[in-house]
């Protein structure tokens, strides 16, 4: 029990902070922070599975999150039949071509000895492949992108409920992780970090510039929600009654009926947005708790013990007959799949997919700060890291504004320095993240909630 | 009193148990002394103690009558103690000549003549002077390693298993080189696995067992001692 | 004549820009490789350190401009760079003393140092944006062109023009001088050799009496010089925007690894390999073929292997391929 006291205390403080935001700023803000915290927590859990359990560095989190988001688009958006008829055939042919090339290369790799000719041959096949694909796809892509470019201009999706994308996103990410893992996992740690980062940049570049797929930088907006819309709620009887019941004390104080109605309307509008966010919170909480249970079970299972053994002494584990390469690949795929889920959740919540917003700062390095700060190897720590760092990321602006005002209190409002600093408030969050990371790494290198299991 | 001496050294790694216990070795200039013993006897530890790589709990290290027990490894290098590690004992990405220059890093005078002396000692190195050491054969590398250590004109040269992992022919060649070095009036102290061959060229030897001196004597005496023969030299 | 036109076309659109861009990458790549070779970690703060150096250069340039100092036809920034370098060296040594040294002394694994460099990245990025803001800034003054395309056409009577911006010439010129001095230093001086020795085999370097503190300090000093000049040249030629500098870290890493990380000469060449392949692969050759092919065979499409959107992706793909087939880089030979 005493051991868990830290965890309970840390989470109580965290929830307390969010509630304080609810009281002093607004419940809307508090809930949107809470929801993003939950999504961040899922991402950190994915990174933690890779780094904390197995010591694998994955700086490509951004790419997996984006694939999750892509899944959300491809699942929920209605198909665009005009686009399909305009260029779907060409795209399908290209897909077949890509598959054919992959199999051809596999075939060559399997059946021929390693030699210069083989290497050049494969290079030749890839280059001719690219040329052929470009030629065959060009007209199709142009046709697709010409179909009503202001709103569609892409193939569209399957038109299924968006929640399915959380699973599909996991599979997308897992597929990419399989390829990346096959290719890069043999590299030593810092090379792996760089390689995964660059591969994720390639993935983002493709999503950004292949407009036929998901409109690229033109973004997809208005994705269907798994929860009610505010506008609908505001006209729904049971919801209005619910709000009235909740606030009956407040409403009774107002005697004028017109005023009362106006107050009620205001409350309904506020309430509807809080209600929607609560629905998301519920959905996200289910995911977080389910993942937490699974990851905790895995951590304490023989498999988890084996993973830690591999992490702490790869050679010894190898000598004991553990297939390190296979296990690493497996855990790389699992962790990436979790990040993919988070990516899909994020797009579900936002209702829009903006490939341009996937930047390594936000989707790779920030997540890593969360993992390190929270405590790698400890799932509770990882989730806490997601909460604490996201909270700070959002609240950094008000905090730094407060500090600036405190330190420049003697200066007049129009003083150049004060104005300049006030304009720079958004960047103080980077400063806080950096300082936080450096301080934690120096003075509490195992994070706020360190890994508890020590291996003898 | 010998030129270089470790007196009743006791110590181990960090706060761990003592690996060497009241262990004493000494060596004079122009002499080769081998430290032998079974695995885990503390041979390398004794050498590290002499170098200052581990801290002694008791005992002393003395060179030329001066107590250097408190000096750091780098300062011991300045006192003329040179060391050739067992592995990674050359700068593989640098040329032969650059390796020698790095050996002379602490010398401020013109060391060109010292390089010439090394080339006299190991003629093959002159031939390969501009080649990367990583591209040389195992035996040639060991010569570079010896040459680098000799660049400060040491009075004491310590070798950690110089023949580990080289072929028997190269081993003989290397021992020849070590004898050549000894003739330049250097005190040579080495840890060796190939006990028989080492004793053949050694003036004296020590046999350590569990960190303590078990036997000591001239190379010939140890070679002929039936107890040493049966337990360490394979009959 | 058509053949000459085709050559000028390639020179103008591929060779000159790639040579400039390659020089800028090369300086960054040498910076990465030095840190990696001697301090033994991948420095994720590379791009932001370069941004910091550039920012200081810009601030000093503004100051000079405000008091009316200029270099005439040359950009004022060239005068500001030496002062910026001094400041930057101070910054590097400051960071080393308060951040990196602790982990070096306690012999932390390289991964931990890389994580710490991410912390430094965040902080440096914040400082740069707080001081100068995130906006795009141009600070080039002086004569813009050495040869203008129009003048070139008049001079030669060709259809194709060749334009060389003075910022491009300055970039290539300064890079070559700087790199020559650096290689002379590393290969011919005792201190330089001791740095290479330290990078090659740390333990043996210590046994040879090489002072690690000195080696580390000189490494940071060189790093400060490279970061400032590399960043300032990029900013002079293109423009200064903190986010771009952060992004440039990726092709710079690619160049360093392609050249064999820890090998400065490889990093130098790696910069050009990355720059040329990016531009080669994304250039549309339609016009080129129009010059050299008979009219009947002229291409209808752009004849472009990949669209320019994938410029970065090209260098990253090269990197991934190199990592797979030759993890030690494509240039064999000396480390550091």
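Order as written gives the chain letters A, B and C; numbering starts at 1 within each chain.
The definition used in the following text is that contacts are C-beta pairs under 8 Å (C-beta built on N, C-alpha and C of every residue); 3 or more make two chains touch, one makes a residue touch a chain.
Only a predicted model underlies this, so the values are computations on that prediction, with no experimental measurement involved.
Any chain bridging chain A and chain C, meaning touching each of them, is missing here; the list is empty. Of all chains, the one whose Cα centroid sits at the greatest distance from that of chain B is A. Work out the mean CA point of chain A and of chain C, and you get 32 Å between them.
For the pair chain A and chain B, the distance between mean C-alpha positions equals 58 Å. With centres defined as mean CA coordinates, chain C is found 46 Å away from chain B.
The multi-chain contact residues of chain B, meaning those touching 2 or more other chains, do not exist; every residue touches at most one other chain. Within the complex formed with chain C, the chain B residues making contact are 73-74, 77-78, 83, 85, 88-94, 98, 101-103, 105-106, 132, 148, 152. Contacts from chain C toward chain A in the complex involve residues 41-42, 44, 99, 102, 109-112, 114-116, 118-127, 129-130, 133-134, 246, 250, 253-254, 257, 301, 305-307, 309-310, 312-313, 316-317, 319-320, 323-325, 327. The touching residues of chain C, counted against chain B in their complex, run 190, 193-194, 196-197, 199-201, 203-211, 333-336.
Contact residues of chain A toward chain C in the complex are 57, 119, 127, 130-131, 134-135, 138, 183-184, 187, 189-191, 193-195, 197-199, 201-202, 205-206, 208-209, 361, 365, 368-369, 372, 421, 423-424, 427-431, 433-435, 437-438, 441-442, 445.
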